[in-house]
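Once you've had a glance at the structure underneath, I'll fire off some questions.
The chains carry the letters A, B, C and D, assigned in the order they are written, with residues numbered from 1 in each.
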Amino acid sequence: MDYNVIRCARAILHVTNLEASRRFYVDTLGFIETESDEEHIFLRGLEEHNHHSLLLKKSDKPVVEALGYKVSSEHDLEALALLFEKEGYPTKWIEKGEQHAMGRALRVNDLSGLPLEFFAEMDTVDRLLQRYDLYKGSRMQRIDHFNCAVPDVEAAYDFYKEKLGFACSEYTETSEGSIWAAWLHRKQNVHDVAFMNGKGPRLHHIGFWLPDQLSLIHTCDVLAASGYGESIERGPGRHGLSNAFFLYLRDPDGHRIELYSGDYLTSDPDFEPIRWDINDPMRQTFWGHAAPDKWFTEASSVLHVHTGKEVPIQAAKLKQHKPTFVI
Amino acid sequence: MDYNVIRCARAILHVTNLEASRRFYVDTLGFIETESDEEHIFLRGLEEHNHHSLLLKKSDKPVVEALGYKVSSEHDLEALALLFEKEGYPTKWIEKGEQHAMGRALRVNDLSGLPLEFFAEMDTVDRLLQRYDLYKGSRMQRIDHFNCAVPDVEAAYDFYKEKLGFACSEYTETSEGSIWAAWLHRKQNVHDVAFMNGKGPRLHHIGFWLPDQLSLIHTCDVLAASGYGESIERGPGRHGLSNAFFLYLRDPDGHRIELYSGDYLTSDPDFEPIRWDINDPMRQTFWGHAAPDKWFTEASSVLHVHTGKEVPIQAAKLKQHKPTFVI
Amino acid sequence: MDYNVIRCARAILHVTNLEASRRFYVDTLGFIETESDEEHIFLRGLEEHNHHSLLLKKSDKPVVEALGYKVSSEHDLEALALLFEKEGYPTKWIEKGEQHAMGRALRVNDLSGLPLEFFAEMDTVDRLLQRYDLYKGSRMQRIDHFNCAVPDVEAAYDFYKEKLGFACSEYTETSEGSIWAAWLHRKQNVHDVAFMNGKGPRLHHIGFWLPDQLSLIHTCDVLAASGYGESIERGPGRHGLSNAFFLYLRDPDGHRIELYSGDYLTSDPDFEPIRWDINDPMRQTFWGHAAPDKWFTEASSVLHVHTGKEVPIQAAKLKQHKPTFVI
Amino acid sequence: MDYNVIRCARAILHVTNLEASRRFYVDTLGFIETESDEEHIFLRGLEEHNHHSLLLKKSDKPVVEALGYKVSSEHDLEALALLFEKEGYPTKWIEKGEQHAMGRALRVNDLSGLPLEFFAEMDTVDRLLQRYDLYKGSRMQRIDHFNCAVPDVEAAYDFYKEKLGFACSEYTETSEGSIWAAWLHRKQNVHDVAFMNGKGPRLHHIGFWLPDQLSLIHTCDVLAASGYGESIERGPGRHGLSNAFFLYLRDPDGHRIELYSGDYLTSDPDFEPIRWDINDPMRQTFWGHAAPDKWFTEASSVLHVHTGKEVPIQAAKLKQHKPTFVI
């Protein structure tokens, strides 16, 4: 492979009301607003040195425009374009200057239909990691991962491993030996992207990194005190899978975000992916708690890179399966 | 009033398997085992200077023998006996020496039928508050409160306030203006005892004090790692009522305990009790989470002080009511 | 005793620059500003239901005007006035309305010369305990205690125990068996007031209660990020004495405040005061850290209740003694 | 570069009393003892899947035998051997089987004289990350970094960057523009190794990763309660440099270890190293606290790979400089 995908780097979400989004993300959760105009809000975390990791665009419908990955260099973009074209996925270039604060970007819908974006360059800004006087709400540090529902997890798993160089940290297997879900990483923690068997392509959630467990608890308190109790969908709790401490929220448009703290270092090539049985009740929540139904069924639709239309949703290849302990 | 009830001080629970209880309370939750024999385990928290705050007695059936309150002096016991007798509640004395590590004790079933015990003297032992090398599991510090389901909360509320000198910190009111539940204290935090409208008399739970929120989270992790995932019934979460961070567990016999951290100082006579509407979703869980049905329906039966038989359970005076958001 | 001192309730500090004080206490530490005018700032903590617990008055010199205790009723004030007069300490009344937000107050310099104030009534305000959206900086919850340097600790100890009804939770003893320092409480935690042998009368610090240990650490981070690194005088660390987690700060006028979290319940009359040897290195800092010299030598002067002049400072009765491990 | 150094992976320390070391590292700090015999104790952290990250060898003198780095493959070892030989540093091979639980290892004293070891293979063991029932003391997760005093930091910096492929995250510069200290990483956090100007080569400390800030505080409490108060050398505090929360301990032989939690992700090639002025008081301790003198002056000697003798200590190239705020 002559390209190096560094990490999950930014998401572009369409939202219907920028003011409502600002109240949620900035005023309540404490995301840093780098910049904004009448059509966009550019958000980042406290340790991020790039311009933004979450771009909210005003639109009629809450969908996902792109899931962005940072690569090492412009050359990597060219090489990735070649790969995707060769594999039969038509690419699209967005030249530097066409997107605010961004260098040249490559977009393509992957084999699952997910709208990917690759870029090597984004404006840099002041890191605020030690501006503790600005810490508020969730104290969000940085974007961590994307979690996507796709109809064929094994196909996605193979492509990301073999073609894009991702490594698997953990996975869930059905009793028949099929991969039900997989956690894949380029940076050295549990994941940059996870795929779960389900109707898709859809974005299940974007994961953001928090500095510690108490920040998640305080986030719940702040949300409740701010009238956002109903935005708390699941958690806080401990994932068996990844070992992270988690909290799932729904933003004013229904996009799901995960606040996430913990996991572990995955630097070693001899690290064996951890297998979880789909019926293991500790997999989803280490403590055995059930997730609400809508956590399993609801997710955000994604746009086609070329048409700008929603990508049609297909049935999952593996039979819908909700662990029995959830009943 | 010429007696001074100091605080909720010990509970006596009947359990069916002392070894199973020890594995849960001592090995996993880290309660300190002061002493034990073939019929008893005496447990305490890290800051407690009295011999025990939880006495487990081997028995055929998991019931509650007594809810113990500490008073200032022997004289207080005499005065309380007079009060109860005068109010029509027959009392029973257990002389010093009859109960291990205890001075003289007065027992009586209160107006709700709850088996109370009052005592002024219990053996003292080393406080282990600064023996951090012994901290494990939940790091439990001390007993905090009893929570009881009773058929007539207002009657209990009146008796405890007017006859026993308790103060009310918070209460839940129905839309008709009846007291649905009340939090009453002698020591200077939210409660020593709470009464909730329900079939009773039953002990809903015993609350134990933990030093901080992370101790509750770690307790969940330890329980899950030790095979006690199913013992976690509810939480961790924030109570709107009391503002405490909570976790509800079921012990091997089904007795419910609450691990509890937070609340506030209630020293002031001009502190106005906080009123909660029964339909306020933030009352039970500030973050809006639902409690499982069994948290509302299951509780421990209590014994009659004189007969040693279970006190018959009566229907609640107010119509059973579960907040609609729980459905 | 026919009066009931409830607790340490408010301090009145003279400060030279209200704007500088506001930037420190309100903007940085997150104290709640109940009200202010050109001469005063009234501050409180998040759980307090009374109007203020710290009153800053603009003045030429940073001194202490009064250390205020709340009592149960107006009657208690009368009884206390009788006591002090009888003991030879001339009292002074400040009628309701003369002090903003306050009922009638009794002032007197005690046997050490400390300017005490007693009051039963202060305006009530909204408690902000569950307004987590307003939490910032230190998340200060409530005033906790005063710590004073006095020339004769044993005399103060005796007066507060025998005349004012305080109980001793912990004390430091010299090798000759004299009380070097004592922690005395009315409310049910370690102290409302502590006396340390030293040149006095002086206020060593006011202690404020924080909800947990991480709030102290975050306070350090926020102070440093806000340019107040030099305000951090000592800590964070663990006191052996009291077991509390502590942080000592100097405000812009040099008044010392302690941010404090932990300690324990002191409700029981059979609780034996804990004795510390003055040479025990774990007494001051359980971890063995040394405190800086100025922590031992600097403190705030106090005003005379009747003259409004500074109370002359007298030498300590016991020889100045700094534990050898500090050298 | 046709080799890939993955990360700092194990240290070999000589200690004079294995029982004393076990009491410190295992019984008190909670390091996991994978195995031991009469001459060795093999220790690891809770998330580590390799056999050990700290090897204690019984010896007459407390010195450092080797600082071990993991590489991707056997091939990398060959390539690294070629590099070092070519650069004039004589290498030494230790064949698989000669060291317990280890594959083939390459040893060499680097340009500063530090005894490096590279290996691709170590036995794997059960990760205990979710065995929360085994968590105790510090809850140490994994080895994080080495910090070394070397006479010529710039020479070391150049070699590690240009020859070994390390990236610089942060550095300290003198007013003359010389690099006083540098933090270099291969894995994606602040460092695998840091070099500080000083008499050397010496190992200043080994850094171990803890899950959160409260684990450091609890470690202090446990150490104090276990009689190790004097082992606490510095902290807990916040480093300006790296932003990590730190605690420095001295083991029974005087080897220094750092318990460390925090820092940030360093995955991006466009991350600009952060420059600190040597006179910035927030560099060492963000809160402005001084470190004790011995933290600056004491460190562990290292052995020569070929002779087994101590490597002679040379004067630092830059004039010894202790920030003025430390005085």
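The criterion applied here is as follows: a residue touches a chain if its C-beta (ideal position, glycine included) is under 8 Å from a C-beta of that chain, and two chains touch if they have at least 3 such contacts.
None of the values given here were measured: they were computed from a predicted structure.
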(request) Check B-D against B-C and say which one is joined by more contacting C-beta pairs. (result) B-C
(message) With centres defined by CA atoms only, which chain is the most remote from chain C?
(response) A
(request) Measure off the straight-line distance from the CA centroid of chain B to the CA centroid of chain D, and report it in whole Å. (result) 49
(message) Please tell me the distance, in whole Å, between the geometric centres of chain A and chain B computed from their C-alpha atoms.
(response) 44
(message) Could you work out how far the Cα centre of chain B sits from that of chain C, in whole Å?
(response) 34
(message) Touching at least two other chains at once: which residues of chain B meet that condition?
(response) 130, 212-214, 221, 224, 286
(message) Going by the contact rule set out above, which residues of chain B touch chain D in the complex?
(response) 28, 130-136, 212, 214, 218, 221-222, 224-226
(message) Help me check something: in the complex, which residues belonging to chain D touch chain C?
(response) 213-214, 217, 220-221, 223-224, 229-230, 232, 236-238, 245, 281-282, 286-289
(message) Please output the residues of chain A touching chain D within their complex, sorted ascending.
(response) 6-7, 47, 49-50, 70, 72-73, 121, 124, 129-130, 141-142, 187-188, 211-213, 240, 243, 262, 264-265, 267-272, 286
